[in-house]
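Lettered A, B, C and D in written order, each chain numbered from 1.
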Amino acid sequence: MAPRKLQVGVAGLGRMGKRHALNFHQNVPRAVLAAVSSPDAAERQWAEENLAPHGVAVYESYDDLLAHAGLEAVCVASATSVHADQAIKAINRGKHVLCEKPLGTTVEISQTVVDASEQHPELKVMCGFSRRFDASYRDAHAKVQQGIIGRPAILRSQTCDVLDPSGFFVAYAQFSGGIFVDCSIHDIDLALWFFGEDESRVKSVHAVGITAVEPNLRKHNDRDNAVGTVEFYDGRIAYLYASRMMAAGQEDVTEIIGTKGKLSVNLLPAENHVRIYEPGGIRQELPQNYWGRFQAAFTTEAIEFTESVLEDKPVPVKLRSAVAAVKIGAALQESMITGCKIWFDEDGNRTPKAQL
Amino acid sequence: MAPRKLQVGVAGLGRMGKRHALNFHQNVPRAVLAAVSSPDAAERQWAEENLAPHGVAVYESYDDLLAHAGLEAVCVASATSVHADQAIKAINRGKHVLCEKPLGTTVEISQTVVDASEQHPELKVMCGFSRRFDASYRDAHAKVQQGIIGRPAILRSQTCDVLDPSGFFVAYAQFSGGIFVDCSIHDIDLALWFFGEDESRVKSVHAVGITAVEPNLRKHNDRDNAVGTVEFYDGRIAYLYASRMMAAGQEDVTEIIGTKGKLSVNLLPAENHVRIYEPGGIRQELPQNYWGRFQAAFTTEAIEFTESVLEDKPVPVKLRSAVAAVKIGAALQESMITGCKIWFDEDGNRTPKAQL
Amino acid sequence: MAPRKLQVGVAGLGRMGKRHALNFHQNVPRAVLAAVSSPDAAERQWAEENLAPHGVAVYESYDDLLAHAGLEAVCVASATSVHADQAIKAINRGKHVLCEKPLGTTVEISQTVVDASEQHPELKVMCGFSRRFDASYRDAHAKVQQGIIGRPAILRSQTCDVLDPSGFFVAYAQFSGGIFVDCSIHDIDLALWFFGEDESRVKSVHAVGITAVEPNLRKHNDRDNAVGTVEFYDGRIAYLYASRMMAAGQEDVTEIIGTKGKLSVNLLPAENHVRIYEPGGIRQELPQNYWGRFQAAFTTEAIEFTESVLEDKPVPVKLRSAVAAVKIGAALQESMITGCKIWFDEDGNRTPKAQL
Amino acid sequence: MAPRKLQVGVAGLGRMGKRHALNFHQNVPRAVLAAVSSPDAAERQWAEENLAPHGVAVYESYDDLLAHAGLEAVCVASATSVHADQAIKAINRGKHVLCEKPLGTTVEISQTVVDASEQHPELKVMCGFSRRFDASYRDAHAKVQQGIIGRPAILRSQTCDVLDPSGFFVAYAQFSGGIFVDCSIHDIDLALWFFGEDESRVKSVHAVGITAVEPNLRKHNDRDNAVGTVEFYDGRIAYLYASRMMAAGQEDVTEIIGTKGKLSVNLLPAENHVRIYEPGGIRQELPQNYWGRFQAAFTTEAIEFTESVLEDKPVPVKLRSAVAAVKIGAALQESMITGCKIWFDEDGNRTPKAQL
């Protein structure tokens, strides 16, 4: 008797949507990619060629996707600006949801997804913080839990994309929420995860940014390089760097510094185990994008989400973490644009200045 | 309409057999693990608990496995000493075969599999040289083909296992063919692959070995550390090191040195991207065994073997390579034991001494 | 005919003073260590045993050192709080001066040394920013000048000391000026050097700090871990981390990120070329202190200072750089303690808030 | 009272001779470079310009160098073919001798230096095995002595020069003794040092070589890439690689593998602490020659040799080690040319075949 498989649909077939669709199709033994949707004709064409021959239904309308017979779960991989709407629609139609990060570009929008989810405790709703599924981050987290670095006190983390000279990121910036919400959200989530989601109440945030290669980002109140500092009430600090202009490749590096030791994750990025010796020195190639670095993590994410649905277990990442991360990311973005440091009181409300 | 899936059986459920079985079960979308067999009760017990609930048939007898209704292909993962027999039986029963390396411990035995295969050109028969499916080795091979290191002239390669203080390798040595046939066979295969399988005619081999930690290996004419040199007629050299006593973990390193550059593969083994900073320095953990290093390669191997059967394409590794590798490995083993350098003429026959 | 050698005195024989004294004695062919001074009896005892036998005069009083017959130059290596006084005294006695960093803990004090120096243009006065003499930093700087990373836009730099459980740093903190003036001053100087000392006008600074291991530092308005951000008017950012609690060793790392590439310096610190393979992984030892990392740089510094005196050439590091660095360091320290971001106008004056 | 300094002369001003001369002149506080000699006019011209102004006498004739008033010690840095003659002459004139490796290209010639030295036990005579003075090798050796890798059993070591397309090495090969005597001599010396000079009796050697880039080397019975294996009677193996065609730079790597751990020295060569991030990946530059890697070791060597003379202490490297190393190097060279494995009995005499 063949075991039951989860019927999954993927909404959005852009850069990430295609990857999620193929991932569910090829790498998740307990799931079946049943349907996909995209408002974009070229994207649907791709699906007709690559997915339809394997029995995957292709829709233009997201509503039609939700109406697909037997569909049980949706992976929302569309533009950030519609993440929340699509997630809520799916929840209201009784579908489990794996939503790409961030839930929304503001706390308010993100919270609406949490609210909808709380109305449907029978549904699994998860925000896809892919790094929590990466083997190296998991190993680091387990080591911290074991106490090998003492109490973690400082977290340095960066999300740095390779320079894309096509200007893609300028257009993208109108909807992305900005570099802190789009990129650093991962690093913020790591800070919450490594410092403890329950204890970590943010005290202040401060950020600065520049446009070193893409001055047009200023039109959308965005920057191409940004540095942020997040201070927590229990005496911990996360400091973050995000960039859109790496020359060598994707550089997502994290250091967790504790009172008795330190862990680094991906300090020296590498595409694989090959080194090239040539005139000029020894060279190591890098992954060229986020997927290249985290492909296996996305697979684990999809497998574990599927398992949590099929076995009715809690999802591995609590949904409200996603709101906490957006709160910090949006404040950093605001601080970068206004130049002002932003303070929070111990209840999480904005305040003119915290008591020192 | 669901696409057709290949019905696969796995013979042998020892250390590698279990891994192959789980691999076909979980990671090969186009294959179904239909049945397994093992003469060992404990191994079958494991299969009853872990595979049978998913619909996998469990047999004591290999013949019963071959008789399993609908079975199309067999993965031979039993003891080296029965590889050839089981492969030939499967071929004669009309099954495609993926056979763990080596085909046999001697050229003569290995050749019998090739002979059987040639009687059945309609069947896919492949010897599993897993490194040929590893992303890093493939990248290195592609770079060599592109000419970036000029003409490859020297290959250094090692297969070094972590020390297993249980003495497992002593018992294992009676049937393994010895350290050069069991471990270095991978490095020899890499030399043939990187130097060109068609051009590479061996001229001489020489080896020395010691028993640094396991003197009992001498009973089986084996050693725990061995160094071998293989000279080819077209002016190339491969030199090999194999060991059973690594302290830190699995260390399988290869360097390909050409007239214009060099490639190294896995020069500094690492379990993942984590580094541990602690009193004493910075530490990086290592994979603890061959599977830890090459797990993804085994998956690719199984996927590509499955694809070659389903789509009737040539298998990615020619079967006769496996005989060429055993020929060199067995000669190295002999040289290590006798102390004598062994020469071959240009036709591949043993000769008292090659003309210089 | 033996060439003329510079007669040098070293003031202060604490941790750094001893090193400077031995450095001039052993490693600077064109200098002679003529005399040393220290108010501390134990330090003088060390000098009596280690230096006096080689003809070095040992004084209790700094004035006596200055009066030593034939003395031409002084290396001020005493406590930070007397750097400026001793330097000015030496200048007024007609001695060339190599002064340990920082000149003083405030801009005003530091400026007094510059003023004194400007009264005596015939004397060489240099502040010892040792990293400018390090072969790796020099190589990086030359590469930036060659344009290989485009325009440098972001500088990340850290000065991280190994944890000293003796509590030494608490007592030290009363006079050091605090972690940004004592440690990060090096990183600030690097920012000025890599971004261009003439162009780099600071726009804002912001810092946060914690006491993760030494709460007593708060008595002296200091912290044991601190993160600072420095924004410059020409659209560049330096972000800094300083720590007193590294487990593995001295970790002084710098990254210079440009529009076309990046350089890292000492990303993975190592004591030497040895790696240790052991159960647990591969380990690399680290230098245990600043001297261990920069010993050769101190020698180059002393050699070049000596040469600039003997050959009447400009000193390699302009003295006023030292004031610019202290200005930023002291503002970061203030920001860390008050929690307030500090702004400067384009003329370098404090301002309530810069125009955005 | 100024302490006494050793009056040193350097014989030979070729590539290495210039370096030795400058080294003694600049970096050895207790030595004075008093005189140099070279039969080559261009080399003497260089000395007239660079050394004579500092009071160094320049001679054409080596005999005149030896006759220089007050000369106490000679550093023999001339062509390998005259090492022994010059060393013996110096000994007979009562001079201490630091002789570049190898003493000679044969055991017989090398032994003549030992014999002369034994006639003059009052003189310090040392062969300059520079790696024994390198901080990393010394650290590794100390760690082995402490037992952290158990019993050392396997040593892998390579001396690999960057490709010099000028063909210099072809002319050089007539006098160098060949690649094993010229390059691998260092690795052989390391094997003797790490395995224990007193215990290590060689049992067999075997070597193969190719001319991948310089076929003309065959005229001088030499090769540009060579692999050798050395077996010792106490169950240890050293295996060596030497090359003249590295693309990236000087690659002198050693691994010492013991029963409980392993040490690697310089596994990933680097010019300094800088990494370059650029399209194509992360790059690290390498030293371009032996001096670039071992400059500090040469300084330590000169300092310690000087000290052993001034303080009448034993030299740090026993002279007879140099003969043992040449014995193995010359045998490897012969094996490479003849194709024959060479055996020694337990007394060190050549034998048709050792008893197994």
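Just so it is clear, contacts are C-beta pairs under 8 Å (C-beta built on N, C-alpha and C of every residue); 3 or more make two chains touch, one makes a residue touch a chain.
Please read these numbers as outputs of a predicted model, since none were measured by experiment.
Q: Sort out for me whether B-C or B-D is joined by the greater number of C-beta contact pairs.
A: Most contacts of the two pairs: B-D.
Q: Specify the chain most distant from chain C by Cα centroid.
A: B
Q: Centroid from C-alpha atoms only, then distance chain B to chain D, rounded to Å. What do you get?
A: Chain B and chain D have C-alpha centres separated by 41 Å.
Q: Which whole number of Å gives the spacing of the CA centres of chain B and chain C?
A: 56
Q: Multi-chain contacts only, two chains or more: what residues does chain C have there?
A: 149, 246-248, 260-262, 267-268, 271, 275-279
Q: Where on chain B is chain C touching in the complex?
A: Residues 246-249, 251, 268-271, 275-286.
Q: Which of the residues in chain A come into contact with chain C in the complex?
A: Residues of chain A touching chain C: 149, 151, 153-154, 156, 204, 206, 208-213, 225, 227, 229, 231, 235-237, 239, 241, 243, 245-248, 257, 259-262, 267-268, 338-341, 353-354, 356.
Q: Using the touch rule from the top, collect the residues of chain C that touch chain D in their complex.
A: 1-3, 26-27, 29, 54-55, 135-136, 139-140, 143, 148-149, 260-267, 271-279
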